[in-house]
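One structure is given below, encoded as structure tokens.
Each chain gets a letter, A, B, C and D, in the order it is written, and its residues are counted from 1.
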Amino acid sequence: MSITYLEAIREAQARALAEDPRVFIYGQDVGAFGGAFKATKNLLKEYPGRVLDSPLSEDGIVGAAIGAALEGMRPIVEMQFADFSICGFNQIVNQAATLYYRTGVPCPITVRLPSGGTEGGGPFHSQSMEAIYAHYPGLIVMTPATVEDAYSMLLEAVAIDDPVIFFEHKFLYYHLKAEKLPEVAVPCNKARVARAGRDATIVTYSAMVHEALAAAEELVSDGYQIEVVDLRTIKPLDTDTVLASVARTGRMLCVGEAWPWGGVTAEVIARVATEGFGLLDAPPQRLNAKDTPVPYHPRLWGTHRPTAQTIANATRRLLKL
Amino acid sequence: SKKDIALYLRAFKFMLQARIAEDKLASLYRAGKIVGGVFLGKGQEALSASLGVNLRKGDVFAPLIRDQAGRLAFGDTILDTFRTYLGSALGSMRGRDGNIHRGRPQEGYYPMISHLGAMVSLVSGALMARKFRGETGMVGATCLGDGGTSTGAFHEGLNIAAVEKLPLVLVIANNQYAYSTPNTRQFACKELVDKAIGYGVQGHDVDGTSLAECMRVVGEAVESARKGGGPQIVVAKLLRLVGHGEHDDAGYIDVNLKKASVGQDCLVLAEKYILNQGFATAEEIKSWKAEISEEVESVAARVQREPLPDPEGEEWTAISTETLRESI
Amino acid sequence: SKKDIALYLRAFKFMLQARIAEDKLASLYRAGKIVGGVFLGKGQEALSASLGVNLRKGDVFAPLIRDQAGRLAFGDTILDTFRTYLGSALGSMRGRDGNIHRGRPQEGYYPMISHLGAMVSLVSGALMARKFRGETGMVGATCLGDGGTSTGAFHEGLNIAAVEKLPLVLVIANNQYAYSTPNTRQFACKELVDKAIGYGVQGHDVDGTSLAECMRVVGEAVESARKGGGPQIVVAKLLRLVGHGEHDDAGYIDVNLKKASVGQDCLVLAEKYILNQGFATAEEIKSWKAEISEEVESVAARVQREPLPDPEGEEWTAISTETLRESI
Amino acid sequence: MSITYLEAIREAQARALAEDPRVFIYGQDVGAFGGAFKATKNLLKEYPGRVLDSPLSEDGIVGAAIGAALEGMRPIVEMQFADFSICGFNQIVNQAATLYYRTGVPCPITVRLPSGGTEGGGPFHSQSMEAIYAHYPGLIVMTPATVEDAYSMLLEAVAIDDPVIFFEHKFLYYHLKAEKLPEVAVPCNKARVARAGRDATIVTYSAMVHEALAAAEELVSDGYQIEVVDLRTIKPLDTDTVLASVARTGRMLCVGEAWPWGGVTAEVIARVATEGFGLLDAPPQRLNAKDTPVPYHPRLWGTHRPTAQTIANATRRLLKL
């Protein structure tokens, strides 16, 4: 048996529904249809009345989830695409994210965002919005890169009392597979050394972890051993694991699929530069998507986002600095 | 009936409390003791109180800017009102939020965020939760102004309540202005209540200057929601008798509106009504006012002696889960 | 009248063009030549064409997902349709955006963004600009689905148009579903057209399967907007006869709806009507189809030979002002 | 005669209306009332029909401005508070900001955001949202710190063909004064050395420029000469001027009033660390608001935001590194 990243998300929700009567799922087409990506397939059948189709109203969907959370539920919201969560942004960052600070009452909602670029997705079905959510106080922002993390981190997200923005990468949905689901889980606030190395550290997250690993593999033939750190969760951000890796390698490249200005790569470099300046043998580098909307045509998209190839090249440049 | 009279007087007393408390808040603002702003419900107490007294423990209430009367009727206190305005560390918002951004979610009393319209879907979601648990007989109420009806959040939240047939009571105070913006620049329908049919909800309109009318119509709306009649919107016509906030002299308000019946003071009218109907004597009302004034004064004095929030003592975090906190 | 017959046939030909072109797009998608998705207007051509043929140069048009027929009637071409779907560097979107996200703003033909409802206020703003310049006699049209009416953007945009009394024509295709979500989970009003009164705009409803009815009702709505009658909403009842996109088998669509009159194919009905009324002969229609098929095939072949966007040649910037560009 | 920051904004709009018939102003209460802060005072009287009160509809307001811009107008949108611009965020970042890239047709709108903290403002009338706007491709993000810049940059904003997000700081509205309005203007994309120094550079913008200058003044008595760089515009960001300053001083502290994660300070440090690593004699440091909603009570607010005092202390620490 083998299970995909998407199936892991479906299984995590099934388990959450089974184990916690407070859990319900709300979003467009999540019911009988099973969701645009089938992440809630059969869940309505298995858990009647607990998977609800919503109107086409992101602001209302999130607001309703917050209200339900205040009354003791554990809502999981599915946005059809991360890009459309912008229409529920106000409720997330100003209502859900401020509740605990203002009142001492936590807001345990999980917002699932099918995120990131795919072929032909175009400007409005491809966005990586993690940075704008992480900028706001009061949110946990998860960006799982593996089937195991998709499963265990989603379960953790539902269990956490704080609002969690769960970025699942559409590019990983179908082709990323694992043998089985994990029994034990690494806590979501710990980064993971996805590949051990010696000569440089690539810090990244979500789908870019796999591009970075491919780049590291390619660089073996150049005689380099590249360490790859998968952040897993970008807020809170496990700076210690990053610093420990940079302490080993002395060189860091940060890679993100999002836009450059104020993205995860800027935040990571800011932390390492301020807290780990002495560990760096060379200037830290970053590689992001280009600063334009995500283009539609695969040829443009393939150049807009970082790839194993461009990551390998950036790493080679870093190694020569 | 005796019961009706008692309830009417109950509502009237909350109106008095609100009016007297808010007058004091205004003077503290003028004295520079309250920073930021003070936002009063003068002229809207009848509507707000009518809603508050028709709610019960177990209901959900998300009041808005001008609902001091309804807040008190729902269980909020003059003490916590002053604590929140003055930022007392002992207030339910602990100086972190202030003025009208006040509530206790754990008691079904939701603190508004400033973004208008945002509370409608919140209350709808709370009612969805009750529905999940099979609870019936409770309602969720929230308030909005004429301006608030122009927000997408109002539209999405009300539509969700309608689709789910939730016991939502949405009270819209059409006080003729949104800050300085008159109805003519806010909407083009003849009456705001005309929106009801487009959502498939029950619509009610009412003269917001008459406590008796507000009690009757709001009472019916709440009752009908409780009985499973689905979402209700109540649109009241009235006039804001103060500035948008105490910083605002409201020079933009049309004098003809002030002179018209919509411009009457619901509190004055209610007092007249009570005397005419013989519900109470002038002396009784006088004594009520005196009692309330005394309470308000003592609360105001007490709160000003209370500890202020201590920046050093603050846990500077917006995250409840300790293991997930970080200091950046 | 002769004029009516000519206009009817004009609309019918755009319906044919749309249907034949979209069938080809679907086959290119199945052949893996188009990536992302293909979204068809099958069953909605009569409504869309009726709008398109009632617009003129100088009007503003912001079509939506299922408006291939209306787009062509407004001046879009089969060539640019295929260029945009196939991402040709020569298309108006140059491979930067694709499929239904197509337009030429400089010609009053606005490219939709995906976020539903967002185009309503855009068209309202365009009409405000015309009003500033004292231009009259033009209209702005945009389209939405039943699901789109649940967005806050729709609410805010339509309300602005109503307040400003703009010549906006908002055509709502109630095709019974938003993706898989049926009307019953989308809204609770009896008829979507019931929303008109709540905005203070004129409402029209129409049988979307009948080209004759669509021509009459949409024609009246556009006319009334042109004459200064303010915003108009037209709600058409019809059924999406394909999946939400070509990836979707639409298994969720109620078979009874398919069998009901709402489930009829407007193109088949229009063809019958033309023959019954003697507007044209079967041979003529056959030749029109042949012509169009030929054009579609040659365009499809031509576009597949056209240059693809070149990542190296691209100027990777979203800023038009050269001095304000930076590479990060 | 002396003119305030707020009056400069009013004067700039008056001049734009006078010189360009395509300009109009749209927003809540901007007409006869003159706006919540009186930034459009008397403009309706002076320019009848060109200053319009809008309904309470941020998404609709911005959408309408974009449509008007497409038809040749130059709309200036006033949001009553920056915080409420979140309700128009989708139209700004997905419609206005993508238009030129997608179609080659620019979108010349200016969105004025009364921004930043004041006493008693609280969580929803105090926000500094520049980072989330700057993260999106396609926007120019201005953050004027002086009366002169408020005037000349707003005029420039209206003239620019691209959408401009204009952050005006409420804290500066009334008390910040200048003798007269500038005749010549420094282009908006050039940062400004607000104070020359030798020992360290403080990079900041908007209201924090004045806190930084006060801190620099205080540090004179410690015998330090601190250079203060006012970014003026945060996107595009004038990295060269920052690097030139760091080249002189070898030390950098970045100060922002916004939240830390992915803020301006992170972006500046990322740029200096990657491009100016060798110029740094000590790790670059940053000082931001605390990572919570902006508190209501002045005592909490005064600690939540950086002040001359905390900036001076952070600079002292930096000088000892």
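Definition applied: a residue touches a chain if its C-beta (ideal position, glycine included) is under 8 Å from a C-beta of that chain, and two chains touch if they have at least 3 such contacts.
Note that the structure is a prediction, hence the values are computed from the model and not measured.
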If you take the mean of the Cα atoms for each chain, which one ends up farthest from chain B?
-> C
Distance-wise, how many Å sit between the C-alpha centres of chain C and chain D, to the nearest whole number?
-> 40
So, in whole Å, the Cα centroid of chain A is separated from that of chain C by 35
Could you put a whole-Å number on the gap between the CA centroids of chain B and chain C?
-> 44
Indicate the residues of chain D shared as contacts by at least two other chains.
-> 54-55, 57, 59-60, 83, 86-87, 90, 94, 97-98, 101-102, 123-124, 137-138, 235, 261, 291-293
Among all residues of chain C, those touching at least two other chains are 93, 96-97, 101, 113, 115, 150-153, 156, 159, 163, 185-187, 317-318, 326
Chain contact graph, described as a line, ring, star, complete graph or other shape | complete
Which part of chain B faces chain A closely enough to touch in the complex?
-> 60, 92-94, 96-97, 101, 103-106, 110-111, 113, 115, 118-130, 132, 152-153, 156-157, 159-160, 163, 317-321, 323-326
In the complex, chain D touches chain B at residues 28-29, 31-33, 36, 53-57, 59-60, 80-81, 83-84, 86-87, 118-125, 260-261, 288, 290-293, 295-300, 302-304
Where on chain D does chain C make contact in their complex?
-> 24, 49-50, 52, 54-55, 57-73, 75, 90-91, 94-95, 97-106, 137-138, 140, 160-162, 187-189, 235-237
Residues on chain A engaged by chain D in the complex (per definition of touch) | 83, 86-87, 89-90, 93-94, 97-98, 101-102, 123-124, 131-132, 134-138, 235, 237, 258-259, 261-267, 269-270, 272-275, 277-278, 280, 282-286, 291-293
Inside the complex, what are the residues of chain B that reach chain D?
-> 34-37, 87, 93, 95-99, 101, 113-116, 147-148, 150-153, 178-181, 185-187, 252, 308-311, 314, 316-318, 326-328
